[in-house]
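Okay, so chain A shows up in both of these, paired with chain B first and chain C after.
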Partner chain A sequence: MDLSVSFGGLTLKNPVLTASGTFGYGLEFTPYGDLARLGGFVVKGISLLPREGNPMPRIAETPCGMLNAIGLQNVGAEVFLRDKLPRLPWRETAVVVNLYACSAEEFGDLAGLFAGEEGVAALEVNVSCPNVREGGAAFGADPAQIAAVTAAVKRRAGDKPVIVKLSPNVTDIVAAGRAAMDGGADILSAINTLTGMAVDVRTRRPRLANVVGGLSGPAVKPVGLRCVWQLASALPLPVIGIGGIASAEDALEYVLVGAHAVQAGTANFSRPDFAFRLVDDIAALAAELGLDSLDACRGGLRT
Partner chain B sequence: MIELNPYLPEMATILETVQETPTIKTFRVRLDDPGRMQAFSFQPGQVGQLSVFGVGESTFVINSSPTRMDHLQFSVMRAGEVTTRLHGLAAGDKVGVRAPLGNHFPYESMRGKDIVFIGGGIGMAPLRTLLLFMLDNRADYGRISLLYGARSPEDMAFKTDLPEWSSRGDMTTVLTIDREAEGWEHRVGLIPNVLLEMAPSADNAVAVTCGPPIMIKFTLQALKKLGFADEQIYTTLEKRMKCGVGLCGRCNIGTKYVCVDGPVFSYAELRELPNEL
Partner chain C sequence: MGAGVRLIVRGAKTLSERTMEHKTCTSLRIVENRPLGGGAQYLLSLENPGWGAGGKTWRPGQFVMLRPVSWGLELTWARPFSIAQVDEGGLRLVIRPAGRGTDRIAGLAPGDEVFLWGPLGTSFVTEPETPTLLLAGGVGLAPFWGYAARHPAPANLRLVLGHTIDLAAFPLDPFAPLAGAGRLHTFHQRTMADLDAFIALLERHIADHGRAANGLVLACGPGPFLRTVRRLCDAAGARCQVSLENRMACGIGACLGCVARDAAGRNVQSCTRGPVFWTRDLAEEF
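For the complex of A and B:
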């Protein structure tokens, strides 16, 4: 069956993307599958300047999930464009660049660096990363700031579709999504991680050096489904579903609540060939359910 | 589709265990799949992840030698959840193995040189694999000396190896404990002090050391006094490793991943890294 999807100015050969920060720059996963088989992948958050990230430990396991506080370690936009992007199979699959910055101006400057790059299919704006104390959380929690950041990126993004990745750490995710729409977003993606923490009772220390981190994995899937369902029901923008996808069933659940595509994240840590297999598994499940295309079931939740 | 999941352990069976010390237990294991065991190869210094099903995984050096492949040997110091559960296992029990992982001691570039092994406590385990490998390729190396120290006689591991190492004419073995103990016929004194007394020549020599951080700190100072340059000193780090294949970002020190760029480093290499050890 045809798994291709087209939405918000983005066309993907199948609905499987990998989530930012779980798939490196893509190159790290070439031993485990053919990147060109994916609908696309979102590279780890890129900032204007390289970042070293947070002190160790930066990852802690939790029941059905994990906490991370990597702190957006990355090589910076210049090195990414020079050393990474040319080695990625961007003619065969969509390379989405996830942008991280600490101010609207910086977000705009960053978007400007990628606007003319033919290897970049879309820009995903990280307004919600809760890990970095000086930025992320504040943007994602305030609709006015989401709108400002989105507008700053959109102005400089050229013809690249702009995806705004929303934080679930808000009272009203639809308000956040509407703010992104008002700022000119083409697509929404949801959800980013939920802030959390873990404690070692014997050492009395937090399990993350940063104390707090972002919770991901199967534990957060119900929250992700709820957010995507609310967004897709209330707003005309296409939504990419993220959160705890560990099987084809999980992916189709997101499609049923209204998602046009999905991002697989934490499952890549359980098995690095997860996303590649998910493409085949979705096709098999869709066939089993008698679906001709994903459009046939998108938003088809019976309530 | 190609099955390619590096996180999936291979089933293995414990053939034999040795209670080395009150806190160190050695496990000799074989992979259950005879073909996989037959094809298994590793280099001295490489590590493996041992898993206790339902509990977790932990990293240990393969301390047997690739020249002696009837089993794979791991020595485990009881420290946390996984190691405590491992200590409860016996011959016939199943474990998971993911190996080999990481880099290895540069035994090729050590050919023709004098080798000084300095091991403290459980730090003797990673030295054992390289020592056995060199003894099995004896003609390739110059003088071989071993300084192995533990807190007390009962904390000395590898007691079945020690008589052979002590009696061989083609290596020098010095054993030391921290404090006098009844019946102890070897040296008494801290490893760095005994090393200074042994005074191995740094000329055309390589030192390979592993042990607790405080021992390493003073052993490095002693090696410096003896004229060893950072490029002549190797150690192995086994801390914080998780995925073992350079993906999870759990074990990096600066830009280096202990699991793929290590665990073996020269002090010249470690000097370049942020001080996060």
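For the complex of A and C:
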């Protein structure tokens, strides 16, 4: 069966991508599978300058999931372009760069650095960050700011498809998606993590030094499905489904509610060959369900 | 570094590809799960994961990530455990039940299936001619099983084990040669008041491996223990490696949840740049 998908200017050999921050720079996983078998992968969020991230502890396991407050530790755009990208199999699989910045200008500058890079298939904009210019409220919570950031990236992105990754920490995800569309987004991805916290009753301390962090893993899948379903039902843009994918069934559930592709995140931690196996498992499940292509079931939710 | 299959993947090799010989990620069955000291710890034996010829392509100090298949979706992460030994009995791990994951691992039975990847991370140095002090805090004893077994000149080894649980909970047979030669010292810390005596004991042994002796100190155990060892080694001018026990999600350098602060003030993954570090490469507060 043909698993390839094409949407928003992006063509993937299969619908399996890996989610930013859960797959390093890809290279970490080469002992466990062939990166070229993936539809693509999204690298760790990259900022203009290197960042050391948050104090420890940064992660806590929670029932069916985890919290993280890594704080966007990353090598910075320059080192990524010099040391990482040339070693990735970008001719054979889509390497998507996830952008992290704290102002629209910075987002634009960052996009400009990758616009001319042959090895970059698309740019994904992480709007779940505080806007330092506007008092630190998250961009992702304000449609006007989402539109401004998207436009700033799109202006400098050359011919790279721009994916805007939406935060579920909003009351109206469709308004956020529409703002990204107005800003010129080619593709939406959802969801990023849900803000949460965990407490140790014996020490009376929060389990994360940052106190709050982002919840991910199977626990968030119902929220992810709901968001993707709302977005895909209301807007003409293609959507990449993210959140709690731990099996081929989970992936096809996202396709049924309207996703063109999926990103697997936290499941990569449960076993490092997860994403590679997911490709095979989706093919097997699709065959079992008698699907000729993913287009045949996309949005096919019976309500 | 031992011989073995090197992973050559498109272009330059990553740090982990240079230092790892043969990593696998595979499902394995439990061969035996033997309670030690009435279940205070467990000697978990698994099928040999087949890390290259003779199972020798791992080095003491390295670890595996282990996740029982029965965890389903409930417990998200695998748990890191030092490789104690790989021998005819299979892959040996020593498990101390310390929480919801390790409590369940303690309940695994022969035939149960786990998912496991490794060998991971850095290892302890072996300097055959150097007087070497092995300092174990509790289950931190595990990596020294393989270390002592492989050391070409065991006469140069001395081991100190500090423990709060019963000594019967520790696999001490592999250390019989050291014990026989009077080079195995154990200290039972029953109350907090014993701590000073333990630190004094550590200090005496470290002094024998300090600047004058050009010795080597290798330590594995809980964080506070490692920080004490580091302080004492710095004072004695002893070269020292410590194995950090930071919480881990992926074990392969991808999540950045396990970082330690290095001497340059940078956050480095303790799963790939460690778990074994020279203390001189770590920040004061690592």
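The rule we apply is simple: the second predicted complex is superposed on the first by the 294 of 303 C-alpha atoms of A that agree within 3 Å, B and C clash if a C-alpha of one lies under 4 Å from a C-alpha of the other, contacts with A are read in each partner's own complex, and residues count from 1 in each chain.
As a working rule, a residue touches a chain if its C-beta (ideal position, glycine included) is under 8 Å from a C-beta of that chain, and two chains touch if they have at least 3 such contacts.
Keep in mind that this is a model prediction, so the values were computed, not measured.
Per the definitions stated earlier, placing chain B and chain C onto a shared chain A by superposition produces a clash between them. In the superposition on chain A, contact is made by A:246 with chain C only, not with chain B.
Once chain A of one complex is fitted onto chain A of the other, the partner contacts of A:24 extend to both chain B and chain C. Judged by the touch definition given at the top, the superposed model places A:298 against neither chain B nor chain C.
Of the two partner chains, chain B is the only one that A:280 touches; chain C does not reach it. In the superposed model, A:32 makes contact with both chain B and chain C.
Looking at the shared chain after the overlay, A:58 reaches both chain B and chain C. In the superposition on chain A, A:178 makes contact with neither chain B nor chain C.
When both complexes are overlaid on chain A, the residue A:269 reaches chain B and chain C alike. Taking chain A as the reference chain, the count of touched residues is higher for C when chain B and chain C are set side by side. Contacts of chain A with chain B, set against its contacts with chain C after fitting on chain A, overlap at residues 24, 28-29, 31-32, 56-59, 70, 73, 269-273. Residue ranges on chain B touching chain A, taken from their complex, read 1, 4-8, 240, 242-243, 245-250, 252, 276. Within the complex, the chain A residues that touch chain B are 24, 28-29, 31-33, 55-59, 70, 73, 269-273, 277, 280.
On the chain C side of its complex with chain A, the touching residues are 7, 9-12, 14, 16-17, 20, 23, 25, 67, 73-78, 115, 117, 246-247, 249-250, 252-259, 265-267, 272.
If you check the complex, the residues on chain A that touch chain C are 21-24, 27-32, 44, 52-53, 56-59, 61-66, 68, 70, 73, 86-89, 217-218, 246, 266, 268-273.
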